[in-house]
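The two complexes that follow have chain A in common; it is paired with chain B in the first and with chain C in the second.
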Partner chain A sequence: MALPLPPGLTASEVGFLCEMELVTVIPRQRLEGLELLGGPTQPLNPPFPTPLPLWLALLLKKQKRANINPPAWLSVDGLSHIHDFETDTRTAEVFSPSQALPPPAGVRHGYEDYLSSDVIDFAPPFLANSSTTGAQADALPYHWLEVGHLLLTHAADDFDDPEGVRRLLRDLREVRMSKLRKGFKVLDAGAGVKLNGVGGMEIAEVRGFVGGMVDGLRKINRSREESRREREAEDRENGLGGSSYQDDEDDMQL
Partner chain B sequence: MDEIDDILASVSAPTVPQRTRDLQALTRAWVNERTSPDLLPYPTPLVDRVMDRVKKQIETIEEITGTLDPKSNFTLVILQTELERFKFLVRSFLRARIAKIDKYPIHYRDLTLTDLSLLSPLEQQYLQSHQALLSAHYNGSFLATFPQALQKLDDTAGGVSMVDKPDEETAVFCRVLRDAGTVEIMGETATTDVDLKRGDLWLLRWSAVKDATVRGDVELV
Partner chain C sequence: MSSYYTPSSILTDAQKTPLTFDLLLPHLSPLNNSTPITPGTRLDLPLWLAEMLAVSKPAGPGSASLATLDMPAALGGKVMNALRADPKSVDVRAQAQWFYGLGERMLELFEEEEVVEVLTETFKARALEIADKAQNTRTVQQGDGSSDFMNTLDEDERQRKYSEQPTMAAIP
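Then we have the complex of A and B:
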């Protein structure tokens, strides 16, 4: 009954997540709007492009009821541009920037429950324009690798140059993976690494290695860290200049 | 109720329907629970709303199946596919929680004495009766033959606690949804402060982002 998986999403769970991304569908058949659990869908009227979640788009595609319009970044032009950025020596240290988050959802008062959906901030895979035709051409969305892979597998005939896109996607993946591995040189027991621009599947791929390493290093360094923490706490107290013998005595008892 | 909420939402502002927001919230709940080492509070209203809708959707599907209209066949496939996706989310979410409850039962039993929102009533019931069964079994099979002083399962004598706890310092991947101030990073040589800025992706210790995650300023990925 209990889930036998260790913490951290598996590759197929990341795939499940990416299927909630919205893509642009060009219907070949009419379909009225549906009242789905995740919100209403727009009615399909050929040939007007309509945004739909990827899982539904793939279902329609398989039954030849619709075509999928690939997002602008998932094209030879878009991907070569991003590939150039990734391989440029001036930007060798960073990943190409990810798409921007939408503005924050209203003001929070501070007493809302955990995950109260009154003021919930949207994040991938629920951004409105990350994989639709309105998506930025020069930024990869969080689920770029998964969306690209699924579209190339199930809707290859909707691309102008599927082979070119596939090749670029593979190149991009290799360039970014080697960058990610190089970046882990800075890892130490404290964790604290900024990973802006890294995608969902890439995180799933390195999670086991990174998590294991950081936690392992931390366990080895535990005693050193504890003694440093104590020393720093002491320094702070002395810095305030207010610690008397009595205070130290109290601390000892804690 | 949902319909009214949806209408109100559409009138007041160009906002997203409540159902879509709940899907985002449920997905976040699932990912957070799957990736964090510790148990997060149980989002009762959210799960209740989702389960209500799932029940209604099943009724709708049954009605459509009854009409046997060949045209509605495809609609039915879509509705059922989506229903299965929702059921998977809820099930995986609950199972991830049960896995943690099973792993650290005594720790969470002690925590629920002070924090009632941590477990749902059903989870509490499960925890209590599972623990009762386990300790009865341990007592019956071997603990009763031990000396009195060694029979406890939650001994904290001698400065060492028998109660297992989740490791708060585990590294987690997270995304900052709102500027969440600074957190301390204990490096090998020095302690540094970093700013959590909206849109950033970080590898940090769970203890550093736990509060921000519960507040909703940070989500795990």
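Then we have the complex of A and C:
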């Protein structure tokens, strides 16, 4: 209450988080590898493409020391493919799938490479190759909207067709928002919406609404819920069965 | 959200609800502008006070309770019928500033399946409408007829509307 911020992340916080994503840069100057808290970066050797965190890539881009190679999905071809998937009547109910997860690394032997300083371990939603040139062309990563927006704002000249990409991004956002909104109509005190493939910014956008709505419905339904529980408790005591497990899900705070 | 110190929950509790007294209560006359309270007196009292009076019983065997609580007009049949007809056309704010809060409190005291039903449907329909309006900040600012609905929001809905706006504005 003291902080007038909505629950969850604000748009700029989500934007800040997405700057952790690796993008491929084509350096114009040499740069030794940097020892950073998140792990060392690779040395830059013109003209070999190198993966760098987005924030560093944007910094070098601003200083005209590097060019950014946009990921494969952030192109007119990739985005229109995804857009077709989203608007197809057969797949109108679902969101386009997210990028494929890397194969599980399995159990590691020994401690030498776990949390060591020379490897960067990515955990979902950060996938190692979701925004570099090695990314899949036909799937959106978790931070698609933020990465797309940042690259279009600061590195528009590295795109073949920045206007086309921008238009497609906007279309895609509207298609997916309308799908999310369709899902909200079924929301209830105990109901849920399937959010597979929904991006970080989209979640931040709807969190306040969905949270507030479910919370409000839960409050209105509390008296009914309590009487139902009392009835069930009575049934159990009388040996009439009822559900055997304690139903705690409705206590969940969003 | 509904903690003891939250201003909105204090103000929710301060909303008036009608109360009918069943006993002669000379010591409670300050509540009634210094005229003594007789059986059958009806007063509009804040929810927190009305609730305590309605549940408390004077000492002694077989005595009735002090007073009986009635449904406030905001949750009466007229408003419920109007909400059932069209949730979006009712000026919820004119009924009670914390309309849903009042509903929650009254439903704790009364078992009214029908009111729960109507309030749930109202809440859902209005929440979707508010989300639509909050998305489109430009028309709200210009006030081209859509602000009529925005003036009818209860306090809770108003706060949710504001919590949705900043994210919308920051995205290109």
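To be clear about the criterion, the second predicted complex is superposed on the first by the 197 of 254 C-alpha atoms of A that agree within 3 Å, B and C clash if a C-alpha of one lies under 4 Å from a C-alpha of the other, contacts with A are read in each partner's own complex, and residues count from 1 in each chain.
As a working rule, a contact is a pair of C-beta atoms (placed from the backbone, for glycine too) under 8 Å apart; a residue touches a chain by one contact, two chains touch by 3 or more.
On a predicted model such as this, the values are computed, not experimentally measured, just so you know.
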- [ ] Name the contact category of A:149: first (chain B only), second (chain C only), both, or neither.
- [x] second
Task: Comparing the two partners chain B and chain C, which touches a greater set of residues in chain A - done: B
- [ ] Using the superposition on chain A described above, determine whether A:72 touches chain B (first), chain C (second), both, or neither.
- [x] neither
TODO: Considering only touches as defined above, state whether A:181 meets chain B (first), chain C (second), both or neither.
DONE: second
TODO: Name the contact category of A:16: first (chain B only), second (chain C only), both, or neither.
DONE: first
Open item on the list: Output check: A:55 vs chain B and chain C. Expected answer is one of first, second, both, neither. What do you get?
Closed with: first
Open item on the list: After the superposition on A, what does A:221 contact: first (chain B), second (chain C), both or neither?
Closed with: both
- [ ] Would you check which partner chain A:232 touches, where first means chain B only, second means chain C only, and both and neither mean what they say?
- [x] first
- [ ] Name the contact category of A:203: first (chain B only), second (chain C only), both, or neither.
- [x] first
Task: Interface residues of chain A shared between complexes with chain B and chain C - done: 1, 7, 187-189, 215, 217, 221, 224
Open item on the list: So in the complex, the part of chain A that touches chain C is made up of which residues?
Closed with: 1, 6-7, 10-12, 145, 149, 153, 170, 173, 181, 184-185, 187-189, 201, 204-205, 208-209, 212-213, 215-217, 219-224, 227
- [ ] Mind listing the chain A positions that touch chain B in their complex?
- [x] 1-5, 7-9, 13, 16-17, 19-20, 31-32, 34-40, 55-56, 59, 63, 65, 98, 100-101, 104, 108, 110, 112-117, 119-123, 125-126, 142, 187-198, 200, 203, 207, 210-211, 214-215, 217-218, 221, 224-225, 228-229, 232
- [ ] Spell out the residues on chain C that touch chain A in their complex, using ranges where they run on.
- [x] 1-2, 6-7, 100, 103-104, 107-108, 111, 113, 116, 119-120, 123-124, 127-128, 131, 134, 156, 160, 163-164, 166-168, 170-172
Task: Interfacial residue positions of chain B with respect to chain A in the complex - done: 16-25, 27-29, 31, 34-37, 40-41, 43, 45-46, 50, 53-54, 57, 60, 74-75, 77-79, 81-83, 85-86, 88, 92, 95-96, 98-99, 101-102, 117, 167, 169-171, 173, 175, 177-178, 185-188, 191-192, 194, 198-205, 214-216, 219, 221
